[in-house]
Amino acid sequence: MSATPYRTPVVSKVKLETILNMYRRGMRTDNRDLYSPRNLNVQVGVIEKANGSALVKLGNTQVIVGIKLGIGRPFEDTPNEGVLQVNSELVPMASPLFEPGPPDENAVELSRVVDRSLRDPKAVDLGSLVIRPGEKAWVLWIDIYVLDYDGNYFDASMLGVMAALMNTRVPDYEESESGEIIIKKDSPGTPLKLNKRVVLVTTAKIGNYIVVDPNLDEEALAESRLVLAFDEQGTVVGAQKTGSGAYSVDEFYRAVEISRSAAQVYFKLLDSALQKNQGG
Amino acid sequence: MKQRPEKFFDEHGNRLDGRQRDEMRPVDINIGVLSNADGSALVSYGKTKVIAAVYGPREPTWRYNVLPDRASLYVRYHMAPFSTEERKSPAPTRREIELSKVIRESLEPVVMTELFPRTAIEIYVEVLQSDGGTRTASITAASAALADAGIPMRALVGGVAIGKVDGVLVLDLNEVEDNFGEADMPVAAAPDLGLITLFQLNGVMTLDELKEGTDMALKAIERIVEKEKQALRESATEVEAL
Amino acid sequence: MSATPYRTPVVSKVKLETILNMYRRGMRTDNRDLYSPRNLNVQVGVIEKANGSALVKLGNTQVIVGIKLGIGRPFEDTPNEGVLQVNSELVPMASPLFEPGPPDENAVELSRVVDRSLRDPKAVDLGSLVIRPGEKAWVLWIDIYVLDYDGNYFDASMLGVMAALMNTRVPDYEESESGEIIIKKDSPGTPLKLNKRVVLVTTAKIGNYIVVDPNLDEEALAESRLVLAFDEQGTVVGAQKTGSGAYSVDEFYRAVEISRSAAQVYFKLLDSALQKNQGG
Amino acid sequence: MKQRPEKFFDEHGNRLDGRQRDEMRPVDINIGVLSNADGSALVSYGKTKVIAAVYGPREPTWRYNVLPDRASLYVRYHMAPFSTEERKSPAPTRREIELSKVIRESLEPVVMTELFPRTAIEIYVEVLQSDGGTRTASITAASAALADAGIPMRALVGGVAIGKVDGVLVLDLNEVEDNFGEADMPVAAAPDLGLITLFQLNGVMTLDELKEGTDMALKAIERIVEKEKQALRESATEVEAL
Amino acid sequence: MSATPYRTPVVSKVKLETILNMYRRGMRTDNRDLYSPRNLNVQVGVIEKANGSALVKLGNTQVIVGIKLGIGRPFEDTPNEGVLQVNSELVPMASPLFEPGPPDENAVELSRVVDRSLRDPKAVDLGSLVIRPGEKAWVLWIDIYVLDYDGNYFDASMLGVMAALMNTRVPDYEESESGEIIIKKDSPGTPLKLNKRVVLVTTAKIGNYIVVDPNLDEEALAESRLVLAFDEQGTVVGAQKTGSGAYSVDEFYRAVEISRSAAQVYFKLLDSALQKNQGG
Amino acid sequence: MKQRPEKFFDEHGNRLDGRQRDEMRPVDINIGVLSNADGSALVSYGKTKVIAAVYGPREPTWRYNVLPDRASLYVRYHMAPFSTEERKSPAPTRREIELSKVIRESLEPVVMTELFPRTAIEIYVEVLQSDGGTRTASITAASAALADAGIPMRALVGGVAIGKVDGVLVLDLNEVEDNFGEADMPVAAAPDLGLITLFQLNGVMTLDELKEGTDMALKAIERIVEKEKQALRESATEVEAL
């Protein structure tokens, strides 16, 4: 059962007026223009025990992504590929809006949108993760943990996933005589093969405005949001309208164009954040 | 698992089931098929069959979830165990959880929930047979069932999925095209308001394809909503005739 | 925990009086006599993707039954038999009395009564469903879906199960060299072997009256119901008292006799409904 | 799994455990075995051992389920993990869900729930050892525990199962007879009211067999309820003697 | 989520005063001194179908323990050992404080404390329970059922576990040609091998007093309890502070000393209860 | 699974990670790391990393659980799937259920819950990386987060685990020492009150060892709580400086 949300942050009419007034002047409450995402900070390798990891701060929204590789079995219809598993949790520490318990519809949606946006454009080279076709393959577990929620966990999560994937090393292993796969625990491993990088861009529709990377207040005010996945060539590799509103055809295309430009901004922010991280 | 077909079009450019690329499967809409529900509709897109039932507005069972200024919409999208190729366990999957959410969000823009504060409008969708496009058929069925229940709506909603197979955009993709194609793009809209209420893309498209596909979907949805209206008119006449 | 039901339809005292008055004259509110079931309508093969299926309307009560065959393992104590699995759902669309969620005690009871009434008289020839004794066998999944509930889902469900079973074809298969069973998807298959046909007959005890095939109002008024399973020879192949009331010994035997006659009516109704369905 | 015995009767017509066909196993009823519960009883039919405890009438924990005109009856039939041949997981099975329901329905005709509106009477049954006939022994135990709790009842209830093995009806079937016999027919009744409160048949019987079996069960239940009364009298005397 | 308990028995201030007054005089409401446990009664072999069993009454607290042996697989890291599984249920019949449903945090704690106190000192000779190293081993299921709760289920449960273990026989078995293990159902079996016996001793801190084996009233008044596991040599083989209070270092050491003496009392009570049981 | 080391000390009596037997791993306490929570702290003991967040006192979501005379404390100890050697399923294990309880009980003696009747104070702990001692690091983090949230406390609490490896007691055992050692004894205390608030022993110890270990733990906890205070002071200064 999906129900109209009731635990939504309340934003006053006055605040809405203030925000729309600023939009008219091309400004936002947190000193951005309408089409710019918030500051991005990325730390990779924060979980030494994971095969890859990253802590991402997009404004005050914090997401940690951990990647684990384990030995499993390929799916029957893809015997020559490793197995991709995406899971996300909106842990209750992140927001008074989140409750403890198994993933709710929002966490499930986040997992599935990230999963599809990686899977469909073949962002990860799953073929490189098969060990013995049809029998043994790496299972790539991507666990997304939203630690602090100030709006827009979609974009922050995907940036974290990308940073963590780029930071992931596949362990070395050997086969025992009986055919068992033995992972060499402290081996250097080899970098995970990625075919392409993907970002998610969320825009919110507030009044007649389309804004990129909405913060929590903006999400509360938004009639609807559009989440679009892009690769570096600007191809659309996934999409999800989310929220209880609707788009006119014109608004919709406008949001798509705005998102496409913002995607390139995200790629640049990610690169420079990673560089800073390595430099530091 | 079915096999991937070698190609998706024959020498005349027709699809595997004989359709042209911008051709819908036969659409059938049957109103008022259940006696208990306040409104109901059975919708088929080819072999895809879904049934939707609406209860409400009524006092909510889950009290804590009351909204002071409008009705809460509840949607459950559920697949019957016999609806799929292999038997499906009746426990809700992550897919069904997500689809219940996006179907709810595709209907909320048109239901006049503000007229019924502190009540619940419950929409139950059961997929009886799944052959591609179940979520969009579900939206069409739910829209018709809401109207049949007499719940005031700003407009009717309909849905259809666009596919991309062998690099070509096709209308109303079926299961084989969905499983082995390059993209599945479900769209729902309220043509009378010019509003898109559901949009998902599962696959890869250029910007031009995305726009072309959206336009193709919106045109088809106009025809689907026309069918909805016709079915509702006929159902009203039936009642009159009793 | 089983609890006294609280979500029961409320039927007024006046209605009870009206109904009892009609019973005195041998009539019921829906123009039946006391011992006749409602009209029966059956459509078979409604789910092309299932191996067998039927949509049954018993008055306004609608049930859809789908049958799926899959490859599994025989139970350890019956290595030479296929596996019968009965599951039923009282889906919330069927009635304001039903709630979403896993099967409650009523759905569980329905499944188990149907299961026993098929299993004990060996209605399905499970021996014909073994593929490799002790190793591979067909699993016969019978899924009952109550879509519209106007009383007496027991009888309607079993009529649906019978119609669907008679309509079920077991797919052809071949064994691969490695011993795997490969189902031939679009093969004609062979009809499922049935040893006998079974119906359930529900009678309700209302005042001093026993009535066959109670509708929703009658169920709400009934102190208790008796569900009896019969084969075509009139042998009792299952029984279940259901509801919070009790039977005197005399009432009980009366209900058994009435049910036994009604069973033969159901077999006839089923035959003519199936004939009509084929004709149509 | 035990083996199916070659035959169920010896040359003298006695059953595998030495009983005659219309002979009960030793029945033992022990009242007031628990200190916390308002009423309790430990009942054994041969090796089958069940314990029942009653709490109430008390304010219900599950408020939404209050009945305005009488007490709600709650029954949980549960098997201890060590009660069965193979260890049983403590999670409730479909069988336990069904049995909780039919046990509740076998007690409701005799409990005077109308005296305690808006309250709950909770009955917890634990099967400590299962050797056939656990549901009927549970009904006997629950009836005795209700009486021990001082809850007004129209009459006491008792239960017993009739079996059919090698074509012969037998009283109070044990586990081997249940597992490998042709029929299991559990019956519960309130002999003082002449009422049957539980009736199930798991197996195949002619109409004559069904009637013969029912009569056999009802006669045995009279004796079981006598035992209940005696146990309750003795327990009352004990208290007096303190 | 663990929450401050709210379904606790309410004990009046007056009662607290009365109890403390008695403590001052070295007495308790149930005629014990501060450091003596209640009367112990043990019946073994009460569940004939179990491989071992015991019914324990410690005052009015009743616990039944059933032990089942089944064939399973050793854990990967202990290929030469059988598998120990401890499960406990605080069934709702035992107390108005217990609710039906899966084990809550109290039942989980009880299971885990008993488990650790058996496992760490190697009380059961798990090595004797391996059948084929790395492949087949006995799984020893210990199921604790608290039937009547008048305080201190820890000590009563462990006494029941010990009595049941001492009463447990491992069935004889044979290997089939295909390597399957076939349990000989009605074989005499051999006694389970125990390396040592263990008891749990619970003390409650009430005011400045430490009392052994608290009853229900005392548990309700206690700020905190300390559960200590001892073997017969007086070695500590497990510990758990339980309850929302705290101990000064001095109180803590005092509780440890008191518990250590009480442990020897429990061993003697257990011996004499078992002797009485065999004699009877 | 890692391998059991041949011995736990080198020829100089140092532990495998170079520490002496009574030496803590580097302790790091970071206050106010989250913006939404009312208080938060990130604590690491070597590679063990936990984060704690506090919400409240606030109106409880679970109304039935209200205490009339004080706040209810809620604690969830949860391990992130990536925190362990092998990926851990996010569903709560029996271990996590027990640890949530003992962590709650280690904090209740110091939180002044009596000041906020009928409210809830919620403490969420997430283990980000597990390398031994997660429960004691969690208690330290929760204590710091409570203070950061401004919740009145009688004293701060800190925790540390004592191990026994090769027959020798060691301070702040790491995962290898935990997995293959003879004992794990987690202790938490409020040094300013002289109170032990958590005590568990998983393993075998003589009475003398237990006392020696407890003393060793209490000394280390004094230093840990000093670090907590320092971190809280610095965090307060930061805010001032803004």
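For reference, chains read A, B, C, D, E and F in written order, and residue numbers begin at 1 within each chain.
The rule we apply is simple: a residue touches a chain if its C-beta (ideal position, glycine included) is under 8 Å from a C-beta of that chain, and two chains touch if they have at least 3 such contacts.
Nothing here was measured: the structure is a model prediction, and the numbers come from that model.
Q: Among all the other chains, which ones are in touch with both subunit B and subunit D?
A: Intersection of subunit B and subunit D contact lists gives C.
Q: Quickly list, by label, the chains bordering both subunit D and subunit F.
A: Chains that touch both subunit D and subunit F, as defined above, are E.
Q: Please identify which of D-E, A-B or B-C repeats the interface of E-F; the criterion is that more than half of the contact pairs agree.
A: From the options D-E, A-B or B-C, the copy of E-F is A-B.
Q: Using CA atom averages as chain centres, what separation in Å is found between subunit A and subunit F?
A: Here the centre of subunit F sits 31 Å away from the centre of subunit A.
Q: Can you give the whole-Å distance between the Cα centres of subunit A and subunit C?
A: Here subunit A and subunit C have centroids separated by 48 Å.
Q: Report the inter-chain centroid distance for subunit B and subunit F in whole angstrom, where each centroid is the mean of the CA atoms.
A: It comes to 51 Å between the two C-alpha centres.
Q: Two or more other chains touching the same residue: where does that happen in subunit B?
A: 76
Q: Could you check subunit C for residues that touch two or more other chains and list them?
A: 1, 100, 103
Q: Head round the ring from subunit B, going the subunit C way, and note every chain as it comes up.
A: Start: subunit B; next: subunit C; complete ring order: B, C, D, E, F, A.
Q: Write out the stretch or stretches of subunit E touching subunit D in their complex.
A: 46-50, 53, 60, 62, 64, 66-68, 70, 87, 89, 91-96, 99-100, 102-103, 141, 143, 145, 147-150, 185
Q: Where on subunit F does subunit A make contact in their complex?
A: Residues 2, 34-37, 40, 47, 49, 51-53, 55, 58, 61, 76, 78, 80-87, 90-91, 122, 124, 126, 128-131 of subunit F touch subunit A in their complex.
Q: Quick one: in the complex, what on subunit A touches subunit B?
A: Residues of subunit A touching subunit B: 1-4, 6, 76-77, 103, 105-106, 108-109, 111-112, 116, 120-121, 224, 226, 234-249, 252-253, 256, 260.
Q: Please name which positions on subunit F make contact with subunit E in the complex.
A: So the residues of subunit F touching subunit E come out as 1, 62, 65-67, 70-76, 94-95, 97-98, 100-105, 108-109, 113, 183, 185, 190, 193-207, 210-211, 214, 218.
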